[in-house]
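A short write-up of the structure that comes next.
Labels A, B and C are assigned to the chains in the order they are written; within every chain, residues are numbered from 1.
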Amino acid sequence: MAQQILLFVDLGGVYVFAIEGALAAVSHRLDIFGVLVLSFATALGGGLFRDLLIGAIPPASISDFRFGVTAFAGGLTVFFLFAFVHAIPAPLLLVLDAAGLSLCAVAGAQKAQLYGINPFLSALLGGVTGVGGGTIRDVLLAQSPKVLHADVYAVAAIFGAAITIVAQKRGLRAGPAGLLGAVGCFSLRLVAAAHHWNLPKLA
Amino acid sequence: MAQQILLFVDLGGVYVFAIEGALAAVSHRLDIFGVLVLSFATALGGGLFRDLLIGAIPPASISDFRFGVTAFAGGLTVFFLFAFVHAIPAPLLLVLDAAGLSLCAVAGAQKAQLYGINPFLSALLGGVTGVGGGTIRDVLLAQSPKVLHADVYAVAAIFGAAITIVAQKRGLRAGPAGLLGAVGCFSLRLVAAAHHWNLPKLA
Amino acid sequence: MAQQILLFVDLGGVYVFAIEGALAAVSHRLDIFGVLVLSFATALGGGLFRDLLIGAIPPASISDFRFGVTAFAGGLTVFFLFAFVHAIPAPLLLVLDAAGLSLCAVAGAQKAQLYGINPFLSALLGGVTGVGGGTIRDVLLAQSPKVLHADVYAVAAIFGAAITIVAQKRGLRAGPAGLLGAVGCFSLRLVAAAHHWNLPKLA
């Protein structure tokens, strides 16, 4: 039961990220193949890169077809129901994206821990899981990754991942620790977006 | 004997893709080192990425020096015999490229199957093997990958890979199934190029 | 003792490359997060890619936190002591960079050899270790990698890696062979930079 809820939540995050990738593809006037590629890359690229790094090979997104199918479903939704998706209010999309980010970051950090990566790098890998897909999407569109320029985004992912890891080290079980980290990431991301918080720059 | 023919065909595909990578490098005014890098990346990048994903490590292109040597031979051919290569008529290059694509796609899908990847994702990995090298080449030239924009190209690769996998599931042996898939990919690619078929776009 | 010196030298190279990555990030007006990402990617990306290819998973930069910490220290140095770093004379930076390149190339080739990669490809992997980080940095900044365009740079890395491998095959121990290769790479790089040597281009 808990397993099934987790899988459902996970696939929900994949679906949201896939829709964002597909929207970027459409706005760059790619055809339906390009839309599906960007859906897949945006939704699954971060986890795939993490799995390569920690030695979880083949990556979950390659060994379990449900992830790929869900990502493509997101791309097809955008392609065939564009008017509908386009009408989603921006704030709702921001909230869904923050939820997907939180989920990826926490799950990424926990998987790295399971594979014996040290806590400091596990938190970073949680961040990579959260923002990796968007980074690959931007590189494929020949843009410098938004995550390098945007408001507090990757930092929120690393923050949530770190909370999860610290909570587990202090004895919390994976479930509550993950929930705590996800709430932390989600809150920081939304507060930062609402206030247009940015990290400091030189000069 | 069959092994030797297969290796010969395989290296032929590497050579064709290496020449295309080198031509792109020359047209971007790279020096001979850049030409060799793009030859290697274009010819072997797709298979290398597939091998990372399925856990065939070290990748064939790293563990068998014949692949690297053939890729560099393609680059050197362009550099030292540019007038000759430049005179290849475009239709012949298109046919050679379609042949290389077919070969990579089919071989990529079969290797993924061997490593226990499910059929749906094996077909996608066949496509990745076929177009991955060109994608890496374009990223290194700071361009959005042509495969995201062009006529039916990656789709032909996935089509051929899928035919191969279905044929093997239905009991055909690897050889005939691969031939069938390669013919499918090759035909679809050439017909699509001749008719300028494109996939649908939004608006 | 020798181990400790080696580790110290290695971390020194990471620190130098991290500073260069951070300087590129600052000149592209990235915030402190972007500075840290580019520090990490530039300093550790080449070795990370090599480790993926040879099957040394998880990569050293992921399994040993000292590498990541050193890379971030380089980024923070630039961010908080920018006036100081900015005042480093260009020739000194060139010499430090050449030293870092030599070290990465030699260490990369030796590690590939340890993992059973053949000598020809080990020399190439030494080159990849040396220039991979800078390549990833440039891709993240949506630029065509400088190494494809610049003076003799990657060639110096491959040259040093090849010297090391040949020396070891001839019976030299790892230490002296590595030193010989590093001196070769370092000298070639500096002589090439001083004379603005470039590799030949077509037309």
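As a working rule, a residue touches a chain if its C-beta (ideal position, glycine included) is under 8 Å from a C-beta of that chain, and two chains touch if they have at least 3 such contacts.
Fair warning: this is a prediction, and the values are worked out from it, not measured in the lab.
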{"item": "Interface composition of copies chain B and chain C: same or different, split at half", "value": "different"}
{"item": "Angle of the C-alpha superposing rotation, chain A to chain C, to the nearest 5 degrees", "value": "120"}
{"item": "Inter-chain centre distance, chain B versus chain C - centres from mean C-alpha coordinates, in Å", "value": "30"}
{"item": "In chain C, residues with contacts to at least two other chains", "value": "52, 57, 139, 142"}
{"item": "Footprint of chain B on chain A - complex, ascending", "value": "25-26, 28-34, 37-38, 48, 52, 57-59, 62-63, 65, 68-69, 79, 82, 139-142"}
{"item": "Chain C contact footprint on chain A (complex, rising order)", "value": "52-55, 57, 115, 117-118, 120-121, 124-125, 135, 139, 142-145, 148-149, 154-155, 198-203"}
